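There are two complexes below, and they share chain A, which is joined by chain B in the first and by chain C in the second.
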Partner chain A sequence: MKCRVCRAPAVVDVRRHNAGFCRDHFVRHCEEQVRRAVHDHHMFGPGDRVLVAVSGGKDSLALWDLLLGLGHHAEGLYLGLGIGGYSDESYGHAAAFARRRDATLHTVDLAADHGYTIPGAAAATRRSPCGACGLSKRHLFNSYALDHGFDVVATGHNLDDEAAVLLGNVLRWEEGYLGRQHPVLPASPGFVKKVKPLYRLGEREMAAYCVLQGIDYQVEECPMAAGNRHLGYKELLNDLELRSPGSKAAFLFGFVERAHARFAEDAAGQRDNLGTCRECGAPTPGEVCAFCRLRERARIAG
Partner chain B sequence: MKVVLRNPRREVEIPGPLTVDALLRRLELNPESVLVIDGDELVTRDARLEDATTVEIRPVISGGAR
Partner chain C sequence: MKCRVCRAPAVVDVRRHNAGFCRDHFVRHCEEQVRRAVHDHHMFGPGDRVLVAVSGGKDSLALWDLLLGLGHHAEGLYLGLGIGGYSDESYGHAAAFARRRDATLHTVDLAADHGYTIPGAAAATRRSPCGACGLSKRHLFNSYALDHGFDVVATGHNLDDEAAVLLGNVLRWEEGYLGRQHPVLPASPGFVKKVKPLYRLGEREMAAYCVLQGIDYQVEECPMAAGNRHLGYKELLNDLELRSPGSKAAFLFGFVERAHARFAEDAAGQRDNLGTCRECGAPTPGEVCAFCRLRERARIAG
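The block that comes next holds the complex of A and B.
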């Protein structure tokens, strides 16, 4: 297989483009997809401070690398989840990347800073580990960005992540979630702007990017994610992709470009009708936000 | 060839030469879900893998909360 740009031997094939790429042109392909996402959705500009949610996995480190390479002011925030050796190793990858790129990595440790861990929270509540983890991440990345003057939080959600979430939302016709599923979630009172610059790139592309750029990342799957529903959706979509290359991109991009607006208005209205958490001041429909309730129950049980 | 698989990590011996496509079919793996690394080099699905080589099949699907 030859690179479709320069005809040199290809090292990566991307079936949905029916194309192979050499190393240099694959990196440029990834940069172009991110540049297009950032530009088309007005995610951020040259003067903005971007906080990258860094897990030590392929997507977040590739995202950080790409944003730095494109000249953006991007700092990382790693959240210590307390998942034993898995978390230690993940932090090691994030810290090594930051050292290598001379980039700033901030850290928040759930155990040291908030008195609980994800396994502890999952055991103490009826939430799945992924549910407790997602809630903690959404709250803490948002509050850290607001407290430290960042303009936007960028997450490593890729095309496969978004297509799998979309499939789950469509299967249940979750109108509120569909209204909030977009490459950009604008800022509103108590919420920092959130963006997904990798939504045009598949996770196979992100893993290939890391291998080709020499970025060491956490290859092992999170031990708490086994049986996660979205993993099943990804397998289904990859079976479809094998038979019909381009299906995942058509599904997701079609939603973003042609269907999302039909759900967005109701979702925006829900955000406007929130009160304030009496514990932390975050927006919430109740007296105490879901994060503070989770933390309290996990601390008591721990 | 020696084939290294992950999650969980294990090794299997498969006679070569084989193309990447043929190896993945033999292991019943979806090419959308993995990268194939021959020695230190990423390879495309038409690449030929020699009998004496060591190949890593690296899964690319990650789940859980983001």
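The block that comes next holds the complex of A and C.
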């Protein structure tokens, strides 16, 4: 297979585009997809301060690298989840990348700064660790960005992630989640703007990008996520993609283009009717926000 | 396992309800689901003349049987598709059922009445036989009902069928199809009302119903449908249902209850902008309707 652009030998093939790329043109392809996502959805401009949610995995490091390469002001925030050696190793990859690119990496550590860990929170609440983790991330990336004057939080959700989340939301017709599932979630009182510049690029492309750019990343899946429903949806979509390349992109992009707006009004209405958490000041439908309640229970148990 | 109602030994289990049933209470369960579908969606009343689209398979014969059992005026229409021995055998089951229940079975034969067959049409158009078959059925059931004074056409689409079609429509976000996918499609100029009274009952339930009621039916899948995309979606949903019983029903019912209306307006608009086929008078966006064009091409080739 040859590079679609220069006819040199291809090192990566992207089946849904029915195209191969040499190293340089593959990197350009990734840049182009990110540029297009950022442009089409008005994610941010040259003057904006972008906070990248950095896990140390392929997606967040590729995202950070791509944004820096495109000339954006992008700083990273690593959240220490307290998942033993997995977290230590993940942090090592994030810190090494920041040093190499001379970029700023901020850190928040759940144990040191908030008195709990994800495994502890999961045990205390008897709920899935992924639920506690997602809640902690959403809250802390948001509050860090607001407190430190960032214009937008960028996360490394790729095409595969977003398609799997969409499938889960569609299978249960979760109206509220469908209304909030979009490459851009605009700012609203108490919420910083959130964007997903990798939504046009697949998991395999992000792994190839890191390998070709010499970025070391955490290769392992999180040990606490094994067997969760999200991974089941990914498998299911992978089966479909094998039979019919391009299915995942058609599913996700079709939703963004033709269906999301039909659900968005409900979601916007939900955000308008929020009060303020009496512990931390975050928007919440109750008296104390879900993050503060989680932290309280996890601290007591721990 | 015992019958949920009378504690006698169960002969059928319905996993998504986490329930077993004895013979009599399983039949009542099926009747109840049909009664509920008919009632909730105002499908038809006691005075209405219902035309059942009868293929000779389990779903259409179970539907016909259930409607007769519930006291509805239900006549059958069998469409001869010309798929060799498969069609002959299917017709045999439909005719035997009609004789046994002393019910009226009408027939339309594609070859005798319209000069083509499904295999012939597929070859002539070089398109999937399922496409030609669906188009022929939609057109002919509709025109037969209009010409013979029926109030409504009832088809045997079950929960598994509808969920698989929905998955296909959602994976490509086919807005028009999503707007028309509902247990009831109301009448509009040139279109008879169409209903799917079995949408709350699964494939396995319909097979069990026929076995328990002693209804012989065409057990084979249509030989022309093997490997089509619809069957792939069914497999995919079956995998999901195995992991998480009730998924299929949650997917389909959730759509009907919470999402369909968001797509329905587009579909209604499309129906309002139709002209009249110059060959047959059916509603069409062009000069000649898709059915007449198919028939013409298939006749010439045949």
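One rule holds for everything that comes next: the second predicted complex is superposed on the first by the 302 of 302 C-alpha atoms of A that agree within 3 Å, B and C clash if a C-alpha of one lies under 4 Å from a C-alpha of the other, contacts with A are read in each partner's own complex, and residues count from 1 in each chain.
The rule we apply is simple: a contact is a pair of C-beta atoms (placed from the backbone, for glycine too) under 8 Å apart; a residue touches a chain by one contact, two chains touch by 3 or more.
Only a predicted model underlies this, so the values are computations on that prediction, with no experimental measurement involved.
Contacts of A:R258 after superposition on the shared chain: chain C is touched, whereas chain B is not. By the touch criterion stated above, A:H230 is placed in contact with chain B alone, chain C being left untouched. By the touch criterion defined above, A:D239 lies against chain B and chain C together after alignment on the C-alpha atoms of chain A.
A count of residues in chain A touched by chain B and by chain C gives the higher number to B. In the superposition on chain A, A:S247 makes contact with chain C only, not with chain B. Note: residues 239 of chain A belong to the chain B contact set and to the chain C contact set alike, using the contact criterion stated above.
Residue ranges of chain B in contact with chain A, taken from their complex: 6-7, 30-35, 37, 41-47, 58-66.
Chain contact summary for the complex, chain C toward chain A: residues 170-173, 175, 229, 232, 236, 239-240, 243-244, 247, 250-251, 254-255, 257-259, 262-263. Within the complex formed with chain B, the chain A residues making contact are 1, 10-13, 15, 20, 53, 55, 57-59, 129-131, 133-134, 137, 155-157, 160-161, 202-204, 206-208, 211-212, 219-222, 224-225, 228, 230-231, 234-235, 238-239, 241-242.
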